[in-house]
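Structures follow.
Here come two complexes built around subunit A, the first alongside subunit B, the second alongside subunit C.
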Partner chain A sequence: MAIKRLFVANRGEIALRVVKAAQALNIETVVAVSDADRESAAAKMADRAVVLGPASAAKSYLDPRLVVHAARESGCDGLHPGYGFLSERAILPRLCEDHGIAFVGPRPDVIEALGDKLQARAMASAAGVPLVPGSENIASGADARREGDRIGYPVLLKAAAGGGGRGMVIANNGDEAEAGFQRASAEAEAAFGDGTMFMERFVPEARHVEVQLMGDGQGKVLHFGERDCSVQRRYQKLIEEAPCAAMSDELRAKLHKSAIDLAASVNYRNAGTAEFLFDVQRQEFYFIEVNARIQVEHPVSEMISSFDLVQEQIRIAGGAGLSVGQDDVVLSGHAIECRINAEDAARDFAPSPGRITRWDAPTGEGIRLDSHMAEGAMIPPFYDSMVGKLIAHGKDRAEAIDRLVGAIDDFVIEGVPTTLGLQRAIATHPDFVANTIHTRWLEQVVLPQFGKDAA
Partner chain B sequence: MADSALPENLRYLIEEFNRSGLRELHIRRGDFELLLSHTDHAPSAPAASRRPASPPPQQAPQAQAPAAPPPAEQIADGLPEGTVAIAAPNLGTFYRSPKPGAAPYVEVGQRIEQGAELCLIEVMKLFTTVRSEVSGTVEAVLVEDTAMVEAGQALFAVRAD
Partner chain C sequence: MTGKSDPAAAAIDNARAFMDAMLQSDWLELHIATDDFELFIAREGGGPNPMFAGAELDEVPAPAAAAKASAITAPHVATLVWAAQPGTNVAAGEALARISVLDEETDITAARSGRVVAVDAAPGELVEFGMTILQIVEAA
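Up next, the complex of A and B:
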């Protein structure tokens, strides 16, 4: 049954994004806020805001019972978890089911299964999705050489009992594998009392690609193309784009099929993302994990597909099924997103909450801004420091980059430092423009230089 | 001092102060001193422009963000003159009685001691007892039995001794 009143169990830009999507579908909204978010943009735009508890997330946004109680008592028949907070905690959809509230997301058992990395890998393997090539346990130097030859170099030798980087060795050929085994195994024996090793293919310059999925819960799953999120700092994404321009159409088709096969094998319901490691040199991809929620970077997929994924999520949760078939999803052009955080680059990107004293947002062809901020708005110190997402779409990657850089130059934010300066440096870097980057490029190439030229 | 030059935590504190209904807040910590006041005839300068005795630390750690004032003092509107509010600590369902059919914990006009049980707030069958922070007399019950209340919402008006 179609949702009539939707509870928004999140904050920041995604709460506002969900409210807007619901309003476009003529659905009433109730936004949950903590005491620190009483004046948030989402709270103002929604039909109603209810104060869950104090600023501390543990006593407000992260308490599933409190959240579902508030949803039920405010008469909501649907609940959108956004991303982060409780979005991938199975207890939230379980409580929703217990209280007759439609959860905008996957079934709890699927969230649980995919949240367990080993179980998710097993499910991927069963669905025929490629995993990083690896070995069983290795007990001798000769074993190491044989397995290394089979897997292909370079390989990473890891202690079976290991962790924390101890007993880890990279080997580029058979001799190194044999010698590396002796050394790492002895180290592991000393550290963990167990010298057993195993081996995985090592991809020195990998890209991070992910496929946007949407399932009806009955086994029908659509993809909305892939995203390339290789610009990362400490595993945090700074720039995301769609499509992955470094991938051939042939491989892209295989990637989409793998992601769909995996999601269909569990009758996946609602929005999700299958993440992969992309070895550009070998033109191969390996499964990493599934994120069972809408992601921060979903707008780039919306920009190239012209679908509103959050509206689609709400319709599916209301029982409407998928509104289209795969042939109706036509991807065009290129989109790039900057995740703008209030962080101080001069202080090792320390989060810098505070009040926005000036906010002149860019507009223009192909430019989209998803943000809950405005002049005078406060970024409270209790939560993440994202102030918004700037997205540029163009007919191709070059045009998207041009528009993005122009929009960054037009964007004036005062009162708090932001990551936009770094994002401009990335978007104009020759390696980024030539698209020869990988997941460690930002840390290895850009950051050591960043800020030094200007100083 | 320009507003933008204040450390972020300090500005947050001022905002919380403005919302809190508190008349005056005085903090002294080492050689740092701050007075926030809404009192017109206070001998000091207006709240936000009062200079600290010395420059505040440039990098106040985030964990030191000031705690919000007690919820009871956030609600000043609509209370009988001279009473204090007892507020809900979190969102939940308001119950005046320990169990259905039983007499309410307190009635209007009743004298209560500090720490007296006033009501229950229920979240998914988990009941939290709300106690009075002051000794005095219950002047008003501000919420209907079994209604949903929000965090910080005033439940009782109590005239303190």
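Up next, the complex of A and C:
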């Protein structure tokens, strides 16, 4: 049954994005807000806003009972969780089910199973999806050498009882594996009372790739291509692009198939992303995890596929099934997104909430901006500091970069410091242009130099 | 639905959020000033309170004990089950209203004894955070 009134259980740009998608489908919208977001762009655009609680997220956006109560009592028959907040908490779809509200996302048991790393790995393995090559428990130096030889160096020795990096050793050959085992095992024995070790292949320069999926909940799953999100700071993505230009077509086809096999094996419903580590040198990929929600970086997949993934999500939740088949998903060109945060690069990227005093957004061919901000808008200090996502699409990667840099140069934001300067430094860096980057490139190569060149 | 947020409650919520932020950080001090709100929090080693800089700490006269009605507002979104009628006298700790979230009910109790002078929401109504449910005058 198609959704008639949708409750938007999120804030910021994604709340606005969902409201717009619903309105395009002629669906009424009710936006949940905290006391600090009464005047938000999504609240103004929606048919109604309901104030859940005070500014504190724990007492507003993160309280599933308040969210579902507000949805039910405002007459909503569907609920979109956005990303973050409650989007991957099984309690939310469970409460929705109990109260007759269609949840725009996967079934609660699927969210739970995929949220558990070990279960997710087991499911991936059962579906034939490659995992990082590794060992069972290792009890001796000789075992360590034998396993290292089998897996291929370099390898990472980890304490079975460990955590927080203690008892971890990188070994580049058999001798190092043997010596490393003795040292790390003794350290683990001392720290955890258990010297048992295991081993995984270590990929020093990996890329992060992920496949955009959409399932109908009956076993049919489509992919909308992959994204490359290797520009990261402290595991947070800063720039995302589609497709992954560093991957061969042959490997890409395998990647898509793996992601679909995994999602189809659990009759995955709605939007999801299968994340992988991509070992460029070996041209192999290994499963990391599944994100059971729409992701921040979904626009790059929309730009290369011309599909509106959020509208598709809402249709599926309303029982319409997938609107197209895999052959209808035609990918073209290249898209790059950069996340613009109100952060102060000079103070180690500390979030810098405040009021936007000037906001002059770029426009142009292939340029898209997903943002809830405008001149005079306030960035409250209680939540994340993202002010928007700037996306550029071109016929190829070079044109997409050109357009992105042009748009960054045209973008004027005053009142708060932003990461636009850093994004420009990344997008114009020779390594980024040559596409030779990896997940630690930003921290190892760019950041140590950033802000010092101009001085 | 014309309820307005109680500025005192909003200020307390803001202060709590800033305190949370302070506790999660390694900041020594935090000073926030807006048009109608100023807050200073410091740890051991933080600076002196800038609000006291140069100020003479005079005795503040006690506010006139006028019978001013105070609003009892919804602590979060909920459905109003019932509210005490105007004219009802309540003792401290007695229930003033009952609200429900997904059919689980909780009472809003009086912090001090007083008399209900107005009711601003109807049973069955969805009351949002900060909306006035009723008004009460403290007992003399």
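Keep this in mind: the second predicted complex is superposed on the first by the 455 of 455 C-alpha atoms of A that agree within 3 Å, B and C clash if a C-alpha of one lies under 4 Å from a C-alpha of the other, contacts with A are read in each partner's own complex, and residues count from 1 in each chain.
The definition used in the following text is that contacts are C-beta pairs under 8 Å (C-beta built on N, C-alpha and C of every residue); 3 or more make two chains touch, one makes a residue touch a chain.
What you see is a predicted model; the values in this text were computed from it and never measured.
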item: Three-chain arrangement built on subunit A, subunit B and subunit C clash or fit; value: clash
item: First (subunit B), second (subunit C), both or neither touched by A:M378; value: first
item: Partner chain(s) touched by A:G406 [first = subunit B, second = subunit C, both, neither]; value: neither
item: Partner chain(s) touched by A:G53 [first = subunit B, second = subunit C, both, neither]; value: both
item: Touched partner set for A:L95, first subunit B, second subunit C, both or neither; value: both
item: First, second, both or neither for A:G415, with subunit B first and subunit C second; value: first
item: Broader residue contact with subunit A after superposition on the shared chain, subunit B or subunit C; value: B
item: First, second, both or neither for A:R355, with subunit B first and subunit C second; value: first
item: Contacts of A:V68 with subunit B and subunit C, given as first, second, both or neither; value: both
item: Intersection of subunit A interface sets (partners subunit B, subunit C); value: 34-35, 50-55, 59-60, 63, 65-66, 68-70, 73-74, 95, 381-382
item: Sites on subunit A touched by subunit C in the complex; value: 34-35, 38, 50-56, 59-60, 63, 65-66, 68-70, 72-74, 95, 99, 381-382
item: Subunit C residues touching subunit A - in the complex, by the definition given at the top; value: 5, 9-10, 13-14, 16-18, 20-21, 75-79, 101-102, 104, 126, 128-131
item: Touching residues on subunit A, where the partner in the complex is subunit B; value: 34-36, 50-55, 59-60, 63, 65-66, 68-70, 73-74, 95, 347, 351-355, 357, 378, 380-382, 414-416
item: Subunit A partner contacts - residues on subunit B that touch it in the complex; value: 3-4, 8-9, 11-12, 15, 59, 62, 65, 68, 71, 89-93, 122-124, 126, 148, 150-153
